[in-house]
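Several structures are given next for inspection.
Across the two complexes that follow, subunit A remains constant while its partner is subunit B and subsequently subunit C.
After this line comes the complex of A and B, so read on.
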């Protein structure tokens, strides 16, 4: 059968772009088309339809004034010419909508936002079925394809000395955190728990390793002061909300034509319901992954609570029910990271996240112990256990350098990150390097960002790539301390940093919301959407364009590597990684890093 | 079936953004808060304000739901929405 012949005609003095796009789509789909120039009188268009023997006619009218009269007259003319019965006629334009088209006698009308596919469906004479993107997004292991080879000879040798030092030091040591993780691992079966089977043995054993406030919960039912339990009725309402949110949900590809970076949004409003609302909005606006942020007191508390809990301040409490409910609300393909990097529940959080179904976790020693308040010895013992569980549950984990925000210079923070990453890889893990893209105290004082926010961040990526073949996920969030409370400035800043990350072809980024710098209240969902939209626009603007790395960035990268090597040399020479943390080799008190106190003296021999 | 109050559809907060004609940031703040009060909002904060030239660019926020509250939007399905 010969292809259907379609005639396209702008019934407009000037505008014909939309018709040209549709013409290309139709031709690609195998149709024979004839496209007429703008500004022809209707009579000429009618004659062309007759001469060409077109079966379908697509008229466009961009200008809004007089649209009804012009289009009605055109239909009258097709009647008068005796072709109306054998030709299907549709109209499209900014002032057109299906009801108007029908009223004027057209077979179809396409308004703003219509797609080429819709028009082709009309030409085919079939109903248009809107395509929803239910395909799995790139879920994937961000660490795939990386060898973790240390490319820099001297640094390879130093890391090769430090990793056995750490493992040797930790040999035979344990902590309440490690013990709780073992109880969770052995006595808490997620399948049985999901089948509402009470883990009695777990509840009998677990509180023994918790501090008093958490024991009071398990033994006396006392909740943390800022929390309350949801009711079953609440749960049913939440399920209905998630169903509604899913009904028409599309998950767009934010990166335009790029493959990387994967975009992560952090949630943690305190309330799992509100978190889910943030997650559903993030998914709808193209976030590829979400990160669970827990309250800071949770990191300083020995033990995890239980039950479906809401919390009145920042950070959503880690409990099996909270994580499970959030996990169940995620779209197929949304990556989910549960952070476990800074406190007293690190290994158990990894176990719980792994059992419930997280894709990724976050493990750290240097930031957690120098910038987040946990005792270095305790976090070292716990992090080793956490890494082993991450290996068991096949979760890659990022290693962040947030101690930079305390004032630790980048080269020291990167040295600490590489020590933990090398340790992680040696234990069979898949660490992801998470340098900060930030306006840190170091550069505020040193002036490295006086001219631009680009070169120093580029230097970090260059340095890391020169040292190790590992995935890179700048965070967290990108643009830290560059954003203000101004929605536009904040979104723009994030978008610029995201575009820089894309040009550097990093694997993933964590982005802020437009409320990043606002501390007066909770982040709103609208602010989150604004930033996702801005990032999307950045990717659209730059596409595959690439920047030229400046001589300054190259010079700073070289200096960073030199400084980093000196730090590793000092740690190796100390012969004791944990002592190096206490002694400030990876960030000193003068630089704003203080060895944490939470969990001090809790490391014991097995 | 009762029709939900229109505020039930607001997930968390309303941001009101405008330029207030005033002579200083302080005056802008006062006017912004007065505006929120006049509109009937109670849980209000100024997220961003900058006085420059002829007035104050302001981003005023009224929280209708804070995390942990009972959210009216959870009842929308019961209301047939």
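After this line comes the complex of A and C, so read on.
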């Protein structure tokens, strides 16, 4: 069958760029096209349609009041000339949308954001099915293709000694967190819960392993301060909001022509309703995944609350209903990470996230122990259980080095990260390395970023790649502490960090809203959009261009590996990973790392 | 059963088509009679104008009325429809669906936006028992409304704020739409359209050889002057447009009038084969005024009395300001003594010109 003939005509005195772009796309796709010059009278365009035997006509015009009449007359002339019934005619322009196309008498209208693919679908006479990047992303396993082989011989030998030390130490130990996770795993059936079947056995057993404030909720209905239950009216409004958002949602590919990095956006406003608004905005502006941020008190509380709860502080409370509402608001394919990494509810959070449908979680020992206030022994026992649940629910998990934000030097933080990652891989997990990719106290004091933010961050990635074949997801968020209360500056800085990460071909990045550090309350959607748009522009600007790694970055990477090896040697020599945490081998009090107290003395023999 | 078709055309956007439709419906609905069917070749009844952002009149429908709307309009208001037929006719807002109103209320009316599809929908309406179909127009588009038997023309300040200019133009448009029917005589030639040089040369060759020229499409205004210059004695010749709408669309109404007069002076008669009967004109004092300081439109009005008086003068059809006068006059003009209660004989009145 001969290719369909398409005639493209600017019904405009000068503008024809968009038509030229579409013309190229159509020709590349094998269509025969005729493109007319600007400023022809409608009659000549119609005659050309007749002479060329075009089956499809694409008209472009920048709209304004009165110009609608020009377009309407053009359509009327095609009708009066007897060709309207045999050609399909579409209009494109900056102010065009389907309602206007209908009013003007066209078969379709293409406005800003329309793609060549959309036009080709119209030419083919088929319904345009938007290519949701998410279709790909749902299958995106950030850890796919990585072997977790430790490439560095001496470090491989050291990690090979440390992992059995940890597992041996934890053998026969348990904690209230591990016990709650087991109760959640065994007695809480998500399907029955979704069918409104009350898990009576679970409610009878679960509070036994919770602290008093949480027991008070289950037994007396007392909520945590600054939280309240959503009303039925709120729920109905939320459902309507999600329906409306879905109807108009478009999901651009933020990375331009790149496949990686996958973009994660953090949320955690305290209110799941607002979180969902942030998620919908993130999806609409091209984020591939979102990260659930829980409140800091949640990490220090033994037990999880229940019900659909909003919260007047940073971080959104982890409850089955909160997670479930958020999960149901996600577009198909949006990757969803629920953090479980730093506190007293790690294993149970992994179980809950896995049952409800999260794609990823976050498990950590060193940061939670040294920078987030949890007892090292407790977190080690809990993290091992959490990793096993992550394996069961097939959730890759990232391991952060946010203790750098407390002042721990990069080589020590990276050593701690590699210990947990190696432990995770040994247990069958799929850990993702999440080095800090920002302005840390170490470099503020040491001056490594006095000239640029590039070399030291590059050095971390180079060092990790030289040591282990594992996915890398810089965070969290990238550019942290380079951002200020100036939204433009913050968005630009985030975009530069994102572009650097893309040039380094990392697997994913976490970005925050431009106002995250300075909002003085809940972050705003406008700031979030600023950041996503800026990141998008960064990717558009650099595309596949690559940077030259500096001698300085190479030198720092080598020094990091040397320092990291020394740390691992010290941990292995100590013969006790947990004691090494208490003793400051992975970050000392002088550096700003303090072993946490939450959950102290709660580790018991099974 | 006969289905009588009324088309509501405008000379521009915001000339009061939807307001006239509402006024007409308010007169039709209390009368016992056959089912009324409604559709639009544009996008009507929306909250705000697609271009100016100003509020628009809404469309209300009542129980039992049959509508043809694009899928995306089915739930556009509080009116509820029972879907009777899903057609394969496409539109930018989805396939056209035919439904019967089961709960009165408001709706956005956006139906088939081209002539062939409109004809197919009217056939379906007829099959479903509609005795009266009203087709709301869009902007200044008139071509699909050639399918109507009675035509209401809406014009007003949104077309021209200069009332002299508006009155003169309206008079010309009415005259062209009222161009009398003409029958073929002698040797006849049939051509499609005159759009370019080749088409014009072909047309002139036909004019020299034939007594009657049938033009199925349009005669572009670009060749009006040349036609008059090149044509010698045209005594006894006839130029027949398929319908008055095509004659109107050929060019500016004033230029078309001068062409017709010029040809008449050379002995040629210009007529039409068929077409809708222009039954009334409705005038609207409203216009969207652009505020350059605010970069937005605001509602503005010309003097209503002067508008009605100026446009009524010298027209051969009745003129109404439906906002002030209501819809009774329109009803009488469009349906007249052959109204719904007196029998379905509208077609015999309006069907032949």
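Note that the second predicted complex is superposed on the first by the 468 of 606 C-alpha atoms of A that agree within 3 Å, B and C clash if a C-alpha of one lies under 4 Å from a C-alpha of the other, contacts with A are read in each partner's own complex, and residues count from 1 in each chain.
Basically, a residue touches a chain if its C-beta (ideal position, glycine included) is under 8 Å from a C-beta of that chain, and two chains touch if they have at least 3 such contacts.
Not measured: the values here are computed from a predicted model.
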### Task
Have a look at where A:269 lands relative to subunit B and subunit C in the superposition and call it first, second, both or neither.
first
### Query
So, A:524: does it touch subunit B (first), subunit C (second), both, or neither?
first
### Query
Touching A:244, do we find subunit B (first), subunit C (second), both, or neither?
first
### Task
Determine, under the contact definition given at the top, whether A:107 touches first (subunit B), second (subunit C), both, or neither.
second
### Query
Does the superposition put A:77 against subunit B (first), subunit C (second), both, or neither?
second
### Query
After superposition on the shared chain, which partner residues are touched by A:394: those of subunit B (first), subunit C (second), both, or neither?
neither
### Task
Tell me which of subunit B and subunit C touches more residues of subunit A.
C
### Message
Touch test for A:486: subunit B only (first), subunit C only (second), both, or neither?
### Response
first
### Query
For subunit C, which residues count as touching subunit A in their complex?
12-13, 41-43, 46, 50-52, 70, 72, 90-93, 110, 113-116, 138-144, 192-193, 195-196, 199, 216-218, 220, 222, 245-246, 249-250, 288, 290, 297
#### Entry: subunit A - residues contacting subunit C, complex
41, 43-44, 46-47, 50, 63, 65, 68-69, 72-73, 75-77, 79-82, 84-85, 95, 97-109
### Query
Which subunit B residues qualify as touching subunit A in the complex?
11-13, 15, 17, 45-48, 50, 59, 61, 63, 65-68, 71, 73-78
#### Entry: Residue ranges of subunit A touching subunit B (in the complex, touch as defined)
228, 234, 237-238, 240-241, 244, 269-271, 273-274, 277, 310-312, 484-487, 515, 518, 520-522, 524-526
